[in-house]
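What follows is a pair of complexes built around chain A, which joins chain B in one and chain C in the other.
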Partner chain A sequence: MKFGILVNEGPYQHQASDSAYQFARAALEKGHEVTRVFFYHDGVYNGTSYSVPPLDDRQVTKQWSELAKEHDVDLVLCVAACQRRGMMDDGEAERHGKGANNVAEGFRISGLGQLIETGIQSDRLVTFGD
Partner chain B sequence: MSILHTVNKSAYERNALESCLGHTRPGDAVLLIEDGVISARAGSTAGEKLAAAMAETGVSIYALGADMAARGIPEDKLVDGVKAIDYAGFVDLAAENDAVEAWL
Partner chain C sequence: MGDMNEGGSTKKFLYLNRKAPYGTVYALESLEVVLIAAAFEQDVSLAFIDDGVYQIIQGQDTTGIGMKNFSPTFNALGDYDINKLYVEKESLDERGLTEDDLMPLVYEDEDDDWAEKPSIRVVSRAEMADLMQDQDVILSF
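So, the complex of A and B:
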């Protein structure tokens, strides 16, 4: 079965990202496919490469990056949410005259259309938020 | 068509559980996750609502074990009929029902 996942909250403040990650892991372990995880609103903060949590804490961004690498999961950050929150890839940084790319490995910035597409192409869309 | 409803708020914080229970139909499943598991404690006002929903609407109610453990709720303190499940069980419920609705 194809699962799409929507994450609406940032890491550490809410449990949404942790729950979504555990759900995605469990689905993949059961042989399901996780087609895409769409990060919306504060959820885009899950994709910042500038996150350096204490080593004995959970590494939320790194966990998602590793999941994407291991299972070819498409991690998409909403572009409008990113622009409001200072999340930039090379293209966005250039377009807005900002200095740096802070999108972590495995994540990419794209539009809300990707969420709609996930809703259409997945068998189930599971939402995690506040 | 059956729906898996997820509720992630304690009934003492928001009215998400009550809204959810008001929209469930026979055959639906309700999964309590995150702070939602607090509502599943036996002998509580929220717990009574869950028991009534199971008896009257014929919904199945589940609670995520990892979130119960994180909040100090042992399985033997759950309302009778509420089943503790793990994330694999969550995935199964999502697959078995036709849609998943999060009551955020």
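So, the complex of A and C:
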């Protein structure tokens, strides 16, 4: 089955991202496909490369980056949500005159259309958040 | 946008609004998804349950809280061919609200000489459950 995933909450504050990650891992291990994870609302903070959590805690962003690398999962951060919250790739940073790229490996910034497309193309779209 | 809608399939999308319009950003950002979704020519419905019913009450005034009052945007949905807004009756009842407290949202029916018709349909909790059962994709905010 083709799964799309929507993550609506930031890391650490809320368990949504952890649950989504564990769901994605479990689905892939069962032989399903996870086509895309779309991060919206504060969920875009899951893609920051500037997160340095304590070493004895789970590394939320790093886990997603590794998942993307291992299974070719498309991790998409909503551009409108990113602009409100200070998440920038090189293009966005240049466009808005900001200094740095803070999007972690395996993530990319794109539009809300990618979420709708995931809904159209997946067998199931599963939402994680309040 | 043609290549985004691979295969040209149409699905039934329901945007489920459960939260008050202010206090958190969910309602505003949900509406932003709905406006984008309109470009994809899918079968779009909106549902309002729980505190979500407050999103479409009349006479919203946010001057005291320094937030943008985005409720006028709901008036534009009809122009985007989004004209199925389901409101759960029990959620209204539980909050002391009636249909008269809601914005008079309308659309122009192109199949009926552009007659102006109400977009809002108040349904029971049981009908809301059937509506959800009937969807392909539910996005809950």
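Note that the second predicted complex is superposed on the first by the 130 of 130 C-alpha atoms of A that agree within 3 Å, B and C clash if a C-alpha of one lies under 4 Å from a C-alpha of the other, contacts with A are read in each partner's own complex, and residues count from 1 in each chain.
Basically, a residue touches a chain if its C-beta (ideal position, glycine included) is under 8 Å from a C-beta of that chain, and two chains touch if they have at least 3 such contacts.
These numbers come from a predicted model, not from an experiment.
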| item | value |
| --- | --- |
| Touched partner set for A:29, first chain B, second chain C, both or neither | first |
| Chain B versus chain C as contact partner of A:40, first or second or both or neither | second |
| Touched partner set for A:117, first chain B, second chain C, both or neither | second |
| Contacts of A:55 with chain B and chain C, given as first, second, both or neither | neither |
| Which of chain B and chain C A:1 touches, first, second, both or neither | first |
| Touching partner for A:15 - first (chain B), second (chain C), both, neither | first |
| Which of chain B and chain C A:128 touches, first, second, both or neither | first |
| Doubly contacted residues of chain A, that is, touched by chain B and again by chain C | 8, 125, 127, 130 |
| Residues of chain C touching chain A in the complex | 1, 4-6, 9, 11, 13, 25-26, 29, 32-33, 36-37, 39-40, 42, 136-141 |
| Complex contacts: residues of chain A adjacent to chain B | 1, 3, 8, 15-16, 19, 22-23, 25-27, 29-30, 32, 123-130 |
| Complex contact set, residues of chain A against chain C | 6, 8, 40-41, 80-81, 111-113, 115-117, 119-121, 125, 127, 130 |
| Sites on chain B touched by chain A in the complex | 6, 8, 33-34, 66-67, 86-88, 90-92, 94-95, 99-100, 102, 104 |
